[in-house]
Amino acid sequence: MENKKVTVFRKEHFNAAHRLHNPAWTSERNKAVFGLCNNENFHGHNYELVVQVTGEIDPETGYVIDLKILSDLIKEQVLDRFDHKNLNLDTVEFKQLNPTAENIAVVIYDLLRAKLDAHLVLKIRLYETERNFVEYPC
Amino acid sequence: MENKKVTVFRKEHFNAAHRLHNPAWTSERNKAVFGLCNNENFHGHNYELVVQVTGEIDPETGYVIDLKILSDLIKEQVLDRFDHKNLNLDTVEFKQLNPTAENIAVVIYDLLRAKLDAHLVLKIRLYETERNFVEYPC
Amino acid sequence: MENKKVTVFRKEHFNAAHRLHNPAWTSERNKAVFGLCNNENFHGHNYELVVQVTGEIDPETGYVIDLKILSDLIKEQVLDRFDHKNLNLDTVEFKQLNPTAENIAVVIYDLLRAKLDAHLVLKIRLYETERNFVEYPC
Amino acid sequence: MENKKVTVFRKEHFNAAHRLHNPAWTSERNKAVFGLCNNENFHGHNYELVVQVTGEIDPETGYVIDLKILSDLIKEQVLDRFDHKNLNLDTVEFKQLNPTAENIAVVIYDLLRAKLDAHLVLKIRLYETERNFVEYPC
Amino acid sequence: MENKKVTVFRKEHFNAAHRLHNPAWTSERNKAVFGLCNNENFHGHNYELVVQVTGEIDPETGYVIDLKILSDLIKEQVLDRFDHKNLNLDTVEFKQLNPTAENIAVVIYDLLRAKLDAHLVLKIRLYETERNFVEYPC
Amino acid sequence: MENKKVTVFRKEHFNAAHRLHNPAWTSERNKAVFGLCNNENFHGHNYELVVQVTGEIDPETGYVIDLKILSDLIKEQVLDRFDHKNLNLDTVEFKQLNPTAENIAVVIYDLLRAKLDAHLVLKIRLYETERNFVEYPC
């Protein structure tokens, strides 16, 4: 008999500074498009991250994946890299890439995807604020 | 190379009065089906609205859609129409249509769909209370 | 030995329609002061009510007051009176009194105070929205 | 014309004690895999349950399903069975089945699925804590 | 010049099983007073704990107390003692004392008070559920 | 007869970057005391601000203070100054003052106190994260 497929979710958070900016544009166009988010001295957010993993229930444990193991993986791959950092200045991932919520979610997906068993389906939800959030993939 | 597809969400709210009622029914049947929600002098809610839009990340901005633009569109199409209104008496949309959460979500979808680029996928989540909410389409 | 004093809180909610209006004023002044809240066909809210009661721990039960009993009292005195009602039209309390959050909190305090043991200290917190709330007494 | 399909959600909660344990394993392996959750005297949670039902809007009521009826069904099938219980000792469902969030969600799905009209699509989300939650089916 | 006095808050949580019971009473009276909470096999909660500390801002750090240090103290004195435990069976504090939210808050206060500088004012808020919570002292 | 005294609350938010640092200390001591918060390229937060004002209910309006007016005042005095800013680099208030939550709360209090009627009592609650927050005065 086949095992049931369930999605499990783990919520974590990190605090970071960032600035939205396209270096190929003039200062005026950057201000027009990104508004306050273009402030050259940065601003910041409490990012809430929800990692969702879909797979079969292991009949021996009753788990899809041990959420303690998933939490440790998120800490190692995401929080240690981005928590209390300036995304534009302190990380290699956003040296050339604009740290919008969309791009941060894709980067986090790629970081976790590389470390997760291939048979597990991964999805990322990232809250930049309580009112603005993104999901990837979709 | 193809751009990544991401879903972005914007949360807004509005406060409105409403009454659930089917004019084709007797008063007794309305009371039996809609209970307290049929109160003839109306009651009301703080509606929490989550608008989700799926599309490709624009490589120049890192945005699927500027959430400030989406927020302005929601304000113009939804909040200015329904906020601090009596849905049954003050709006053309619910003159003939029972303002259940289901129907309000469909109406909001239609209002925003008409104004949104055709290549963007739209979905509405509407909270009538913290414990009762709906999603459309599905 | 004296028993320890503790404050206990019980959270309930009700949904109601209302309109802010001073009948002694002109229509223009009402609109200027109350804005959208003066809409003559009413609007509404999900009111979140937190009732706090301070007293000594009963050494036999470990309770200040059984929160089930407090919840029943709130239901009987507040929810049955205001839930799914139009505060202006359906209640005697707000026939002459403007149903602002401030006035609703005072009315709820008086209703519960009359039914609660005199040695218990009572306080009301009322959320009209997540961003606007009041407390009485203070 | 076809009726619109909408998903409706109802949130309920229950409080229960449980212990994660595989009787086929040694005590050491149980401790290694389940950690604190293996505590032999149990621990407990406030489980938040979101039941989602997808179907066509009934044009007479504007409802997919009356959420009061859905709430009563959840109370009868889930809360009366699990609320203020020890899942391992007090329920037949988890006598042989490890009460992980994954397994609880599957059990709740089966209980509700048996009572729900066949044309309605059912999905369960269960929060064990604010940070750990699951969804079934997916 | 005197330093400004500020209150700082740190929120933590723990999961535990408990049973409300007065051994001096008959089984019938226990059931009548404590209802479902008297279930002999226990039930459980996600307890949310908010520890508040009032004192002067240290002009060198800008802190009343380093919240990392306060968090470590809560972990050592409260979480390590109660998290993933059966309060009635696994702890010395509630061997003789009924583990109501009121009594748990008093116990937590005493544990932290003994370790905190005497010039700091301490207060405990404990959520047993989102709707039932307590504060001590008051 | 005297008017009833009520406390009203208005919640707002702003996003900012900051760094905790004492320029009178060595780099080592700054790292030891402030840890990750000392990161020289800054990090950031979504600050949630709750402003509470206590006064008598005006019998003509039923308001202590029009929350729209209070909200406009907060926007003008606090949000326009700190939202999407680097507190250390972009503001005069924190040029010399370490931007801890404690100090930010005192600064916000002073900014609003100067603009508020003297008979109204003011208190500030500031959330740096959901788990770390402060209140001033106390």
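Per-chain numbering from 1; labels A, B, C, D, E and F assigned in written order.
Just so it is clear, a contact is a pair of C-beta atoms (placed from the backbone, for glycine too) under 8 Å apart; a residue touches a chain by one contact, two chains touch by 3 or more.
Since the structure is predicted, the reported quantities are computational estimates derived from the model, not experimental observations.
Participant: Looking at the contacts, which chains touch subunit B and subunit C alike?
Facilitator: The common neighbours do not exist; no chain touches both.
Participant: Cα centroid separation between subunit C and subunit E, in whole Å?
Facilitator: 28
Participant: Listing for subunit B: what residues touch at least two other chains?
Facilitator: Correct list: 130.
Participant: Tell me, which pairs of chains are in touch?
Facilitator: A-B, A-D, A-F, B-C, B-D, C-E, C-F, D-E, E-F
Participant: Across the complex, what residues on subunit A touch subunit F?
Facilitator: Within the complex, subunit A contacts subunit F at residues 13, 15-18, 36-37, 39, 41-46, 83-86, 89-90, 129-130.
Participant: Could you list, by residue number, the parts of subunit C that touch subunit F in their complex?
Facilitator: The contact residues of subunit C facing subunit F are 20, 22, 24-25, 33-35, 97-103, 105-106, 130-138.
Participant: Considering only the defined contacts, which subunit D positions touch subunit B in the complex?
Facilitator: Those residues of subunit D that touch subunit B are 4-12, 52, 54, 57, 60-64, 66-68.
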